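There are two complexes below, and they share chain A, which is joined by chain B in the first and by chain C in the second.
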Partner chain A sequence: MTGTEVVRRSEQTDRRAPDKPSRRSITQRQRPLWMLAPGGVLVLVVIVIPLLLALWISLLDLDQYSIREWIHAPFLGVKNYVEAVTDSDLLHSVWLSVFYAVLVTVVTTPIGIVAALATQQAFRGRGLIRSVFLIPYVLPAFVVGTIWRIILQPDGVANRTLGHVGIHPGLWLNGPKSFWTLVLIQIWASWPLIYLLALSGLQAVDPQVHEAAALDGADWWSKLWHIIGPYLRGPVALAMVIAFLHNVNNFTLPFVLFGVPAPDDVEVLPVLTYVESFQNFRFGLSAAMAVCSLVLVAIPIIVYLRAVRLDTADDPDTRRREA
Partner chain B sequence: MSGRQRGSGMSNEVNRLLPRPLQVAVLVLLLAFVGGPVLYMVLASINSDLGVAAGEFWPRQLDPANYVRIWSTVDLGKGLVNSIVVAGATALACGLASVSTAYVLVRHAFLGRLTILRGLLALQSIPGTLMLLPVFVLFASLANILEITVIGTRWALFITYLTFALPFSTWIMVTYLRGLPRELDEAARVDGASSWRILTRVVVPLSWPGLVVACIFAFLLGWNDVLFASVLTNPDTRTAAVSLQVFGTSQEGGAIPLYGQLMAAALVCAVPVVALYLAFQRYLVGGLTAGGVK
Partner chain C sequence: MRVTRTLAGLGTALLLAGIAACGGSSNGGGDATNGAGKTINVLIGVNNIYPDQQRKWFTDVSDAFKKDTGATVHFDTFASANDELTKIQTSVLSGQGPDIYALGTTFTPTAYATKAFVELTADDWNAIGGRDRFVPATLGISGPDKSHEVGIPFASRPFVMAYNKDMLAAAGIDKPADSWDGLLEQAKKLTGGGKYGLAIGYADSFDPWKFIWAMSVQAGNPLVKDKKAALSDPSTVKAYQTYLGWLATDKVVDPASVGWKNAQAVAAFGQGKAAFLPMVSASSKVTLDKSSVAGKYDYVTMPTIPPGMTSLGPGGVAATSILSGDNLVVAKYTKNKALVLRLIKYLTSAEQQDSYYKTFGELPTNAEEAKKLQSDPALSAIVESASKSVGTPFNGAWSQIQLALVDVVVQSIPSISKGQLNEAALNGLVQKAQSTAQSALDKAK
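What follows is the complex of A and B.
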């Protein structure tokens, strides 16, 4: 299942859709479009309607008193947005979220690539090492948060161990260092994503390429840079976009690590939106903030959509590769 | 992955990408980076609560009874049952819905097909915090208008998780079904089988490896979620994730924080997930790279 076709999607239209024209008459009569109905209804009720509702709520003066009768809540227009931008922590949170997401993505990328390079060729114990590498990524985020929260307690194992070598780092989960704590732990938890996608890129390298490089007597660095590098560029770029989206949307890790209300230095956008809704009960303001967060992910989503090939149905090459 | 060992010693050296000393250094460093905290987690889960609070790495006094106490202190049993029921039901329903949706998307041409494919990818990246409030308001309104209680029941989580799992599971099935030869279901169609019959008798039996992956990812989404579960449940319907988070928070500032038990409970919550991954690693890694979503 190599789904990430990183080849840039050529312009395709429904005209090149899967069924050959000659067969169309049969299939068109029997298209079981009703099978789309269950999924369609769910997506409509739980995603599309709530999205529109979020837009509407962001225009209302909605708090814990008016929530029961939210249809009759006073209409504010864009006042919530004005307040969010001028008189709330929104811009601070947006900056924190973007900085944190970019930082984690930039640091995890070389780690993931190097790990993939080190486990690409077969050796004894490789299967075990690959499994271990996946553990931080497969641990639920709430478990990762719980573990590190205990490790980083003021009297916890991290400070005690560092104290033995004469370093006294002080507080991890509060104060200015908490931001770097969040970055560090998200790096720990998320680097295997880049690793996996880089590994899938390396597996696409033809064995003959290795042989040719050996015949030419290329040293390892120029082989990596000039020969292997181009294979990795696409998968790694895609991995970085996905990693950014994961990081910027991550709610569970900061929520479990720092609790709510979060310290100022780790009040990333998802946490701020949550606190504004379910701690301060400023539902309208919170919805306005959430809509702003959509703008934040829109650009990466567009890049992602353009990078992934949607329709490989009549490309025999990719059809065979799946097997 | 272990199936690619035809390379003997010689050709294996040709495949080498890093010089051996560098490779060994990278592997050792990464294993320590990953293994340190994981090892600590296991050790702390059998350490006494005092020992963990005092920052011991190697337990001075083993206390495996942590694993007995958590069932009363953390209320973990109820949480695990809720998690298994909700995530399990989500997985089954999602498998069914995703295979039928993907089948239509892969085998049939219709207007809006590419839009749906695009939507499958885009919907995975919608921030959950954007959806939480309106979903909450919608469910609350159902209670007012139709007099059905949704919030606080397992149904609320089931419907929510099912919907959010559906795009990714469907995408996995789309990439899988593309690999199946279309001649098989065309033959069945020529024999006069209905679409439903083709789906259940031809497509599902052939695509179960993909279906397992789609189900497991739906299960994990339900199992790992804290955001929706923290708002849509009450103490009776709490999932394990919320039980653990609530217990963890309640230990802050207490006289004797029960950190040993907290670690044991965290480990119990992690084991089913890690076991699932390791058991199906070969298939799941393919699924992960198919869309890069946890």
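What follows is the complex of A and C.
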């Protein structure tokens, strides 16, 4: 039996077990949905209403002159959106944010998976190494930014050390290199997320599957690709979506590293939105930019939900069709 | 998701505004002498140089005011300009928060534009002891004109220049130059052997615009006049060329200063690595007196003759500093206006201003108290700068203009760090700043 067959049989067994539509239907009919009401109210007050208000603000000429009586701020329709697209750095920032987020996600994914594989088998000191791996991730972004800002000063540790070996890299925190500084530091800080989720995927692999593969004489690559791979696909895809969202929305790191006004090469979308709101007081324009960001981050979420069908996974009809 | 949270946060604040509006709070007056059970909330910048003394001052003020009126004073602090802005915006939006804000002078125009703060009437000024009790120059940024003032001068922090007396003496220079060109020549003489003529914080978020503004004003360009921006005026371009040229072409500044904030420039001067340290306030004294240059430095007013000139430009003003310090503003939503004004009267009294100066080293705005300090030779430069400070344009768009001015420097840093000062690139950046500034002014109301 090949590794692929092992997985297929395992999947077939898994599918048979929960496929009891009649019982689920009864349970569904009797679900006490009213118990969701407190949570629903909370979501309504904390997320839905403010979100609708923010959408409304994006249609207003809300600034320092009208903020006190915001309800009377002049209605602009889509003019803020038009200004954001045609007369601001929005498109440049969108490009920077997406490019940066994709780069970081693509680079951190293999690093995270390799780190998870390397610490999957028990060995002396594994606990310590696993803990060390998490350090960049548990450090607050503010601390990460401050430490790296000190290291990367023109006369900082990095340049001095490189200077000893004849390399004079110049500026890290301004100019074209600043973009790569942001990418590298974010990679340093965020790969453990992929590592964590990949590790959870690895731990879900049934030991019997490993045994069966060993009995069949599957080699190292076959086991990784045909047996472990399918288990990792879900968690790693989820990790990549979360990582992309974190990266595209990352405000603290570029803000602390580069300050405001930001150098053009690192004026990412969250920083631009912040500056328009809290430095230039263009709350309406900034809200329009934030709505554009929301659309941007919604794309990978929708793609992901479609891909893994998380949005329909609990639907008994879908389950029946899949079975 | 951060975006969702940002949107939600903005919306929540607005929601609070709506709830507050439903409450229909009134700006009550009340009896100033009977404040029993009442609390006056004050928002003020945190003092990182004297944190313990600041806490004690909070307690002392609260105790004294309680004894006087029965009311408690509760102080809250903001850590940075951004923190200050966020707290002000939230309070303005929600219509609740501190009764009194201690604002940086240059933020007063923006605060005025929100119409969220009390415009002081003659009765209000009388309640705090009269307009005459203040040094006239400190009232220069209280409002657009005398009849529309919101800011009550509380502390004065004029900018001056520190210089290393030993380094100047060794180079045979008897005193710092009074022109920017003269200063550059002196700085060139003082540069060498790992030491530099000037210590400048090019990466500071605020310092750069103060230099550009001062040089422009001295040349006769106030940057904003009659709602027209003049950032691309030749005098301002010359100011940028001078300021950026110190590092790029004149080489009188440590190349590492492209990454420095003001504090790092102060530290470099404190290590004896620079001869001049322009754009510092008296608060730098605390750091410098603990440094290797303690006893070897002095303060002087910054040059007032603009770059490329031998005297003030046509219509120029010999501004030694922006009108810098703190103004107190009163929120319109306060329910204890009479008590608030009484507290401000107390805080701006000669006795309190004396105590505040002695504790924190910030100059008094109280005329009677300021007069006493004029005779102190150690303070002569700082007191002189206070009297020759000029207010920045009183316009609600000023914060945006400041940001546009600094942005030119931020985007120029890659080229100046390579020793290049590309005129075309600089003009392009200046034009962009001009356009940003004009568009902000066009929206000003």
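Just so we're on the same page, the second predicted complex is superposed on the first by the 254 of 323 C-alpha atoms of A that agree within 3 Å, B and C clash if a C-alpha of one lies under 4 Å from a C-alpha of the other, contacts with A are read in each partner's own complex, and residues count from 1 in each chain.
Assume a contact is a pair of C-beta atoms (placed from the backbone, for glycine too) under 8 Å apart; a residue touches a chain by one contact, two chains touch by 3 or more.
As the structure is a computational prediction, the values presented were derived from the model and not from experiment.
> Looking at the overlay, what does A:P270 touch: chain B (first), chain C (second), both, or neither?
In the superposition, A:P270 contacts both chain B and chain C.
> Classify the contacts of A:L171 with the two partner chains as first (chain B alone), second (chain C alone), both, or neither.
After superposing on A, A:L171 lies in contact with chain C but is clear of chain B.
> Based on the superposed arrangement, let me know which partner A:T109 touches: chain B (first), chain C (second), both, or neither?
Neither chain B nor chain C is touched by A:T109.
> What is the contact status of A:N80 with respect to chain B (first) and chain C (second): first, second, both, or neither?
So A:N80 meets neither chain B nor chain C here.
> Between chain B (first) and chain C (second), which does A:T181 come into contact with in this model arrangement: first, second, both, or neither?
Touch status of A:T181: no partner.
> For A:S97, select first, second, both or neither according to whether it touches chain B, chain C, the two together, or no partner.
neither
> One more residue to check, A:S88. First (chain B), second (chain C), both or neither?
neither
> Applying the touch criterion given at the start, work out whether A:L53 contacts chain B, chain C, both or neither, answering first, second, both or neither.
Both: A:L53 reaches chain B and chain C.
> If we overlay the two complexes on their shared chain A, which of chain B and chain C does A:F281 touch? Say first, second, both or neither.
In the superposition, A:F281 touches chain C alone.
> Which of the two, chain B or chain C, is in touch with more residues of chain A?
For chain A, the partner with the higher number of touched residues is B.
> Just which bits of chain A does chain B share with chain C as contact spots?
Residues 45-47, 49-51, 53-54, 57, 67-68, 70, 153, 155-156, 245, 249, 251, 259, 270, 273, 277-278, 283, 287, 290-291, 293-294, 297, which sit in both footprints.
> Name, in rising order, each residue of chain B that touches chain A in their complex.
1-2, 4-5, 7, 11-12, 14-19, 22-23, 26-27, 30-31, 33-35, 37-38, 40-41, 44, 52-57, 97-98, 100-101, 103-104, 106-111, 113-114, 116-119, 121-123, 125-135, 137-138, 140-141, 144, 159-160, 162-164, 166-167, 170-172, 175-176, 178-179, 182, 186, 189, 194-196, 199, 210, 213, 220, 223-227, 231, 241, 244-245, 248-249, 252, 259, 262-263, 266-267, 269-270, 273-274, 277-278, 281, 283, 285-294
> Note which residues of chain C are touching chain A in the complex, please.
1-4, 6-12, 14-15, 17-18, 21, 82, 85-86, 89, 92-93, 95, 110, 113-116, 203, 205, 254-256, 258-259, 396, 399-400, 403, 406-407, 410-411, 413-414, 417-418, 440, 443-445
> Using the touch rule from the top, collect the residues of chain A that touch chain C in their complex.
Counting only chain A, the residues touching chain C are 45-47, 49-55, 57, 63-65, 67-68, 70-71, 153-156, 170-171, 173-176, 245, 249-251, 259-264, 270, 273, 275, 277-281, 283, 287, 290-291, 293-294, 297.
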